[in-house]
Amino acid sequence: MATVKLLADNEMAPEARAVLDDIRKTRGTDFINNFWRALAHDPALLKRTWESIKQVMAPGALDPLTKEMLYIAVSATNGCDYCIHSHTASARAKGMSDVMLMELMAVVGMANETNRLANGLSVPVDAAFRVGED
Amino acid sequence: MATVKLLADNEMAPEARAVLDDIRKTRGTDFINNFWRALAHDPALLKRTWESIKQVMAPGALDPLTKEMLYIAVSATNGCDYCIHSHTASARAKGMSDVMLMELMAVVGMANETNRLANGLSVPVDAAFRVGED
Amino acid sequence: MATVKLLADNEMAPEARAVLDDIRKTRGTDFINNFWRALAHDPALLKRTWESIKQVMAPGALDPLTKEMLYIAVSATNGCDYCIHSHTASARAKGMSDVMLMELMAVVGMANETNRLANGLSVPVDAAFRVGED
Amino acid sequence: MATVKLLADNEMAPEARAVLDDIRKTRGTDFINNFWRALAHDPALLKRTWESIKQVMAPGALDPLTKEMLYIAVSATNGCDYCIHSHTASARAKGMSDVMLMELMAVVGMANETNRLANGLSVPVDAAFRVGED
Amino acid sequence: MATVKLLADNEMAPEARAVLDDIRKTRGTDFINNFWRALAHDPALLKRTWESIKQVMAPGALDPLTKEMLYIAVSATNGCDYCIHSHTASARAKGMSDVMLMELMAVVGMANETNRLANGLSVPVDAAFRVGED
Amino acid sequence: MATVKLLADNEMAPEARAVLDDIRKTRGTDFINNFWRALAHDPALLKRTWESIKQVMAPGALDPLTKEMLYIAVSATNGCDYCIHSHTASARAKGMSDVMLMELMAVVGMANETNRLANGLSVPVDAAFRVGED
């Protein structure tokens, strides 16, 4: 239950509706997930978030599946259940198998563990890791 | 400045020293970074952490560079400066370019942003994302 | 489902009951939300938390609505669903509109994004930001 | 010490340089803080982040100083030292006094405390907070 | 609803089944909680996690109840509802009373508050706290 | 370098000075660590924080050393370097050995790991853990 109404297509401003149209066209499906219906209260935020997602998740030096897995890693670390579900679905649609998901989780778990060991003991960064830095 | 002494080779228990020997052999270098010298106070923790890292970061369904980038994504999200430095160095050694690092950061930034939009508005998970779940 | 019983008025110690009486009087309503019924297991914790909330959220150099919005910003960042709901309700009661909530979320999202870009690249604080510091 | 080189004006792509020119013009100063020099490695990320910041932090239903204080609240919660310094400086430039900063911190501290009490005891959201929700 | 199927005993690999057998034997009960049925998709991760838990939570310089309470403190701070429930149950089984749980929560709340006050004001570590450090 | 001046005794309000006097008397030392000198800008916040710390960290159902270790567990999880240093020093003064600190860290690391495995796979809480709950 969202703290704002999830807007139906006919309840949002035309600028918001235009963004939904682009989401539908880009994804090739009529389905719009709840996240966008919540953001639709603020057409500028909706548009900026969608345009950024399109740009950031597009193929580049990293492929789209790797990007989806990075998204899951962050969402698992932050405990965002919505994002875990939506990006696990996206990653599966792009080819992530159960075996890949479990390996991803193993890395996420390990990183969260050693992050706290390093922080908790306040281990200083080795000079060797600073070579070439500003 | 760590909250425990960073142990020199001759200051740690033989079981800890044996782990350092394996780190050196596995990595093909004499250099041991501070993290392991802090953990050396607890040979069982040192051994378990190193054995887990070796197993988790080995090639599998995901390649080692992808795993290093996932590690960076988690460490950036948690704000572990030590881990950011050590795993950025590892990822570079495995072929990560500046362009790849910046794309990785763009995804990490984006995920952290939308994680909070979804959580902050308490957006409910779509039924479509739950297909086939337990 | 809380991990402790949510105590009814007649199940708690008199010191806890006295705190609930003050909450009712201060807020001008008989309704007591679940949070306080969980804390009622520890009358000292209940009393300290309520007294602190009253003091911290009172008008001062910042007005009560600004304070509620800061509370939402923190709760969204931490992913506390209970607090997101209770403080969004409080902020609305103090005059926050949907437009204001969406702008608040846009700032929270943006801050979470740039926090990770700055941390993830370990950007050093500019000397210009340290003027006049200890 | 950043994990990427902080680029001087003559070391970055023309598209990145153009963003810096707009930052200078918008802010009315020649000074460019380190954050932008790190992002300059990725002109698209630099441009998107700057354009978003300009849009999000502009006066709207919330005034710019309130927005800066929300930014500090998030940055303090996430422990981003860079962002704490840069946005505390920005907020002071917009009129935040020491008294206001301390009240802000009191709210941030309190919210972080009760977020964990509510989460740690798994307190269920009251039906009263869900009125009118989807 | 997990993002992977929770595997029944007859749906998992023999290596995973062997780990469940050890969990049952060690705990003296047939009951296996959902966490292990999710990890069972990756027998190596399942085995490593279980072996580590057994080793880490065993009596040592700290007693098992203190360890369970530390686990709850971390889980409350991270907002892991699953872990809060499972470790609160474990701690109760080892003797934690409601009074002890509430005192634990009071410390967790207080620490989360002062963590943000110290970080949010960027308070420098006193030289007195660094005595004898590397 | 704090974002507010660390106040010397003669730079703070009498109400703040009175709190420092109580800290000195309670602890039996003239030394005042930086945290309190930062809070001294807001005598009410300073007083409330100190009174709460005294109450929360006092012997009760949990002993003071266990409470200090819980404080370290939270601070390590949040990455508060100031709090890690100050509470590690306090815990050592109350009898925590290096061996105890390392066991504490092992639990903190493990909990952070399994928190993300449970959240990242969205594992549902077992009915067995909900017995007797509201």
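Per-chain residue numbering starts at 1, and chain names A, B, C, D, E and F are given in the order in which the chains are listed.
As a working rule, a residue touches a chain if its C-beta (ideal position, glycine included) is under 8 Å from a C-beta of that chain, and two chains touch if they have at least 3 such contacts.
This structure is a prediction, so every number in the text was calculated from the model and none was measured.
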For this session: Check every other chain and keep only those touching both chain C and chain E; list them.
Result: A, B, D, F
For this session: Could you work out which chain's C-alpha centre is the most distant one from the centre of chain C?
Result: B
For this session: Could you tell me which chain lies farthest from chain F when each chain's centre is the average position of its Cα atoms?
Result: A
Seminar exercise, completed: Residue numbers at the chain D-chain F contact, same meaning over half shared and different meaning under half, come out as different
Seminar exercise, completed: The chain pair with the larger count of contacting C-beta pairs, comparing B-C against E-F, is E-F
Problem set entry | Chain centre separation (chain A, chain E; CA means) in Å | 26
For this session: Would you kindly tell me how far, in whole Å, the mean C-alpha position of chain E lies from that of chain B?
Result: 19
Seminar exercise, completed: Contacts with two or more other chains occur in chain A at residues 1-4, 6, 39, 49, 52, 75, 77-81, 84-85, 88, 99, 103, 105-106, 108-110, 112-117, 119, 121-122, 124, 130, 134
Seminar exercise, completed: Given the complex, residues on chain B that touch chain A span 1-4, 6, 31, 33-35, 38-39, 49, 52-53, 56-57, 60-62, 66-67, 69-71, 73-75, 77-78, 80-83, 85-89, 97, 99-100, 103-104, 106-108, 110-119, 121-126, 128-130
Seminar exercise, completed: Interface with chain F, chain A side, in the complex: residues 72, 75-77, 79, 81, 84-85, 105, 108-110, 112-117, 119-122
For this session: Over in the complex, which chain B residues touch chain D? Could you list them?
Result: 79, 84-85, 88, 98-99, 101-103, 105-106, 109, 124
Exercise. Mind pulling up the chain C residues that touch chain F in the complex?
Worked result: 1-3, 5-6, 44, 48, 52, 55, 130, 132-134
For this session: Using the touch rule from the top, collect the residues of chain B that touch chain F in their complex.
Result: 3-4, 39, 41-42, 45, 49, 78-80, 134
